[in-house]
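The structure's right below; bear with me while I get my questions together.
Think of it as A, B and C in the order they're written, each chain with its own count starting at 1.
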Amino acid sequence: MVFSLIPKELKFFEMFSRAAKNAVETARTYQDLVKNFRNDHPFIQKIRDLEHEGDVITHELMDSLNRTFITPFDREDIHGLTTDIDNIVDAIQAVSDRMQMYHINTQDPPLGKLADILERAVVEVEKAVREMADFKNARRVLDFCIEINRLENEGDSALSEAIQNLFRGAKDPLEVIKWKEVYEITEAAIDRCEDVANTIEGIVVKNA
Amino acid sequence: MVFSLIPKELKFFEMFSRAAKNAVETARTYQDLVKNFRNDHPFIQKIRDLEHEGDVITHELMDSLNRTFITPFDREDIHGLTTDIDNIVDAIQAVSDRMQMYHINTQDPPLGKLADILERAVVEVEKAVREMADFKNARRVLDFCIEINRLENEGDSALSEAIQNLFRGAKDPLEVIKWKEVYEITEAAIDRCEDVANTIEGIVVKNA
Amino acid sequence: MVFSLIPKELKFFEMFSRAAKNAVETARTYQDLVKNFRNDHPFIQKIRDLEHEGDVITHELMDSLNRTFITPFDREDIHGLTTDIDNIVDAIQAVSDRMQMYHINTQDPPLGKLADILERAVVEVEKAVREMADFKNARRVLDFCIEINRLENEGDSALSEAIQNLFRGAKDPLEVIKWKEVYEITEAAIDRCEDVANTIEGIVVKNA
């Protein structure tokens, strides 16, 4: 897999890199928010702003695709990777908004654990995306993808533990409904990192 | 983006237009149903019939694709747009069936609001699809897509409000489970309109 | 639709066939598990092992795709079909794990019915995949796809009946939450069979 780095191609990689860095900042803001959650925490709005910034980058990417004849890899894959990274940020905003909507005014260790795994997965996404632009061999890119898959499995286990804990004892059913959803959307954000890994693997397969 | 309108191509646009008009009628029937809901309302069956009609159009589209060598745009996009419009109608039937299944025998203003937004989004979908066949420039098609995106945001806010209201006060948890799902599937139908907008934007990008 | 069966192409069909046979065994194990469910049943682990075996086959398929220049049909479709079959097995493992997680220590006739429909749908998937490699005409392949669609409708009805039954009478809301999810993931596994049918129909459309 060799991409010749003519300026136009660099532009795409630079935009993917910005999108991935924006996703890392979103995941880190969520990680901090979760550890100090209160309903009027300014990070809820900060996550919305980061999501908006992500939309702007997505739009620039789609626009460049519109105006570029030769792309560093298939147009469909540029579209796919752009959407995948956007979906991570969307999921994080969705869960942060849900927490505010549900007036969840507590910290919760199992959610903290899920948010930590998410942050680590998004960091690997950013590495994989960066390596795609500046690589000597596909192996390193794929290694980041393998690590993302491993973190997704870790997320599955953490979710399972969180939910078993949630159902244990006599709980208020409405609280169960709220927390189950907050856990599940956080885990879904980790799954969206796995989508990025799968898309990147597909790009590597086609361009090998 | 210029499509030369040879007869075979017109046939595809005519079928897309029928599919979109069928979606509009489904959304309007749901809008009326929601405002006068009772468990034996004939519109529940009418929506099932419209969903079946949508399946027939989908099948005709797939069959034409099977027998046509030159298509007005990529085969994959014809497949995608067909599926996207079908998904709107499927979601509306799913929520209407759920309401009957749950024996929901009341009107509910927040659901009425969501159904209104859905109807407006599907009307924009129909305009975007119609404009694709008979267009002078891509700008107008994209303007409908932007409006669909705006309505999807409006749907998000309406869902958030509906769910906050649902959890407020001491509610029967089983009623919360039912209504949460009814709201969420209605909002998912609006999301399916955004999928159409994204597919159309992709087609415009490729054919610009 | 004519595939010339050179050795490399046979290899793909042979791997698809192995993936589909693995899905059949997973669905049958789940069918048996559901009929004798207890929280420490060895079939819960057996399903995890089958899911792992499915991952190994998926990985072999992706690797072969990586190293093969001429494929029996579009690379994207080989990727898609591989993912679709994997998704069936993933859904079955997800529901089996959920049942253990929720400490569901009973048999349940409506779930038994859903598991039966799932098993029949996966058997049709295996037939459709097998027929793709060794076929005289596309008709037979499409007939299996039609039967999968019919079973998906049967699954919808069985889910609707199961959920109506679940909400009837004064139930513990936490039990309703658990069972609703178990029913729904089982039905989602049947939907994943329909995804395979749709992908295969698409392949037939393109290669007719």
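One rule holds in what follows: a residue touches a chain if its C-beta (ideal position, glycine included) is under 8 Å from a C-beta of that chain, and two chains touch if they have at least 3 such contacts.
Small disclaimer: the values here were computed from a predicted structure and weren't measured.
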Query raised in the report: Once the Cα atoms of chain A and chain C are superposed, what angle does the rotation have, between 0 and 180 degrees and to the nearest 5?
Result: 120
**Report entry** Equivalent interface positions on chain A and chain B, same or different at half
**Finding:** different
Query - Between chain B and chain A, distance of the C-alpha-averaged centres to the nearest whole Å - result: 27
Requested in this report: Going through chain C residue by residue, note those that touch at least 2 other chains and give them in order.
Outcome: 173, 177
Report task. State the interface residues of chain B toward chain A in the complex, per the touch definition above. Result -> 160, 163-164, 167, 171, 173, 176-177, 180, 201-202, 204-206, 208
Report summary line: As the complex stands, chain B meets chain C at residues 62, 65-66, 75, 79, 97, 101-102, 173-174, 177-178
